[in-house]
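So the structure is just underneath, and the comments pick up after that.
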């Protein structure tokens, strides 16, 4: 059975599938939060979700609008102070997966959430790095979820907010960073993984109906493909049902508040 | 030793022109009522420090209270950018606004170092990124045992810290619960502090032996402002008004709508206007 | 992810010959039962780390388990010195014991740095005193902003940490309450950890949103040992047996009385012997 | 009315009197604890007592045998972790008075609680510094309470565990220490304060019945006296009553436990 679904739903579901039941996941607001909670509500019921507001092991029934919604604290195992969160939990190396998004990404999965244009004279001033610069180096690995377009998938970032694979190859190791960095990039069109040698983000799976031409049209650099490129399995009925129920609950809760 | 004051008196005592002020709150317990009083008192040339400046700092900046913003994530969470902050940084309206930008880890560590009486914090951060190129307050330090290069940032020691909390007792101790953010650190790191509270109780009664409490002798002024964190929330009292946050985007987009809103909702009102938000939640729960 | 094991299995998994081991507890929640199991398993050449080594470490040292002691205050609180530690350092009986001595502030900061994944801690300490002359692990570092000279010590990252706590839930999370010492830091800083608990509950139920909890995925082994902190205490369960501490002075003074006591009370007994102390307190409360 | 009292009672009471109602006092076990709680139970009901085990604002009804007795936590405003105690509360400069004792003291009120004899080959190995090295520099000022004897009041310490006035004069300032250091030394015979210039601990008050000859006999250096030396007022009936009741409660509680 095939069902209708949006590219954003495909992206969220593909990202959710990448999470494992024994992961400890540092979650950002927005799409990462939707994907992480979808994973928890489907195949990864024991996944530990952590938000930088200090909530450890939180199990929200609706998606938070902000990183510190009451729902996150009320359903958490416990809540620690923000200095403790960044010292003991993030820097302490206790997180297996950090989930990031961004306004710009380059082919080595470095991210920009700071500024479009020059730093001193920005065309668009973005919110800034928040937790990302340290999430990017302290988590075991990084999953990135981003809507793909030429504007966001750029040959060169205007500003490096958080480190991906740097200039590629062993650049992280040369910076004395031992964590794996971005191991998965999930977009509304495809799934990327780093090439084992160059560390360039490489297409490993394309979502149903997406063509190589369309992919390239939405990417600011010449794309590389893995030797074998899979087709992403479409969302299952159950995945869509759980995701849509989650989003409907969320919409109701936010409207009521 | 903490003193109970009206909000107007408390803000007058705590915040002076030119001060470095931290009004903290990590989504939770944001001291909106106190921030509005700062606006009404027409404070000027403030350096505003906060990890997550959102609507309250947009309002302060738009009303011309600030000359500098120190932050790690500036936005309207889940909604968008801060139009007033942008207008100030890009167009100097109503006054130019300098920025000093950090990561969350840097600021959390810097508050921690401030509370701990240290001149700087060390952490593992800012690796392979551009912020150190634009922020001279990000430096390096070498571990004398391993030789590892670590990052150092100056401690945050504000002139004034303002936070909101659930309860004060009659002795002037303050109890915080839920998402604690860096509020305790901000108060301990500051020269002067103001805590607005939802309620004042005779004593805190049964509680965790490890409750997050600011003892009276670490707090400057306490003002009783029920609902004072609205439109953010106070765990156990009222929920976040997400609609307010969403509506702000349109209000703040243009100078005129912003000024009209501030006049009607801040300049011509007082802290008592916040009480209704606390009461509504109480009624809803009954 | 934490596993529920018998105490014997848990100690076997956690502590190996030659390990650096931190059995922490700041007067409260000292893991006596687990330490006795380490003695029964005849572990050797341990480096024992603890801010306040008291009777338990006197027992471990006297039974020849240790080759080094890292500490900041070694004594029988309110009673006197540790005779077995003294016999080991001064006479090498039953084995020579090296010492590395710090201040409380240094060790507390070093545990904190260990939990935070840093190679060292910085603080303002050891000014004008002699310890830096005899401890090469006390060094200096200069604040890159103020030029102030600060003190650095290496982070404590033990191979194994052992602590006692009030409760675990079925999922393997651990709740601590009361005087927390550096127990949470010790577990987070260690490669392997063992927590003995007074009771295992289905879930923790209503509690402070900021309760001190070690999540299951940060804990190695959990063993259910009611009374396992005796003769120290577990807040909410039983009180400190001050008479035991006072009696220890005479027992430990001579090798013969010490060995006889250890044989009768440790070698020939098991963790179930601790349960009576928990039960007595329960009866007394009824 | 005069009552019988012991020199230790006089010492404890004289030390208690030095504490003020608005002090925040970092308390050590033993005589400092007795003096601090006596102050709280008499003229300083609002004094804030802090023990290094993490208890803030504790009000024990009996004296603790150890620094972390349950009584301290159960009667505290709250209890923080030990790293937080040493970082935010002690190093943070939030303590007005630190209360120390020691095995040896010199004329500049430097203290030794580490070792008698050489460090590597001690005659007596003492418990060590504990919190003292940092208490001595981070508190606003330091009160010392010690039984006086030639063995403990020595011309030169075997080991400097915590800093008093160093080598005297402005030595603390030269070490960049801004706190006042030992401002009061209370013994079973007398009360000392630092000379304003040399910082040598100087007799300012002698307990009733104590002679200068007896004082010098119990001091390992040639004593200096202030221009005016007072006689310490003897314990009042109320002071003795409260102290003895406290110690009786303590004895009963520790025997019962």
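Chains: A, B, C and D, in written order; residue numbering restarts at 1 for each.
Here, a contact is a pair of C-beta atoms (placed from the backbone, for glycine too) under 8 Å apart; a residue touches a chain by one contact, two chains touch by 3 or more.
Predicted model, so just to flag it, every value in this text is computed and none were measured.
Trainee: Which chains lie in contact with each of chain B and chain D?
Mentor: C
Trainee: Counting in whole Å, what is the centre-to-centre distance of chain B and chain C, each centre being its mean C-alpha position?
Mentor: Once rounded, the distance between the two centres reads 39 Å.
Trainee: Whole-Å distance, chain C centre to chain D centre, using C-alpha means?
Mentor: Chain centroid spacing, chain C to chain D, equals 28 Å.
Trainee: List the centre-to-centre spacing of chain A and chain D in whole Å, with centres computed as mean CA coordinates.
Mentor: Result: the chain centres lie 57 Å from each other.
Trainee: Residues of chain A that contact two or more other chains, please.
Mentor: Each of 73-74, 79-80, 87, 91, 138 in chain A touches at least two other chains.
Trainee: Find every residue in chain C that makes contact with two or more other chains and list them.
Mentor: 112, 116-118, 123-124, 148, 178, 180, 185, 209-212, 235, in rising order.
Trainee: Which category does the touching pattern between chains fall into here: line, ring, star, complete, or other?
Mentor: It is other, because the touches fit no line, ring, star or complete pattern.
Trainee: Which pairs of chains touch one another in this structure?
Mentor: A-B, A-C, B-C, B-D, C-D
Trainee: Give every residue of chain B touching chain C within the complex, in rising order.
Mentor: Touching chain C: residues 116-120, 122-124, 137, 139-141, 143-146, 148, 150, 152, 154, 177-178, 180, 207-212, 235 of chain B.
Trainee: In the complex of these two chains, what residues of chain A are touching chain B?
Mentor: 29-30, 52-55, 64-70, 72-74, 79-83, 85-87, 90-91, 110, 114, 119-120, 122, 125-134, 137-138, 159-163, 166, 171-172, 175-177, 254-255, 257
Trainee: Residue numbers of chain B touching chain A in their complex, please.
Mentor: 26-28, 51-52, 71-75, 77-79, 81, 86, 89-90, 101, 103-105, 108-109, 111-112, 123-131, 134, 148-149, 178-182, 184-185, 212, 233, 235, 239-243, 245
Trainee: Could you please specify the touching residues of chain D with respect to chain B in the complex?
Mentor: Residues in contact with chain B: 22, 24, 48, 56-57, 73-74, 76-80, 87-88, 91-94, 138.
Trainee: Contact residues on chain B for chain D in the complex?
Mentor: Residues 1, 112, 115-118, 173, 185, 188, 209-213, 215, 217-218.
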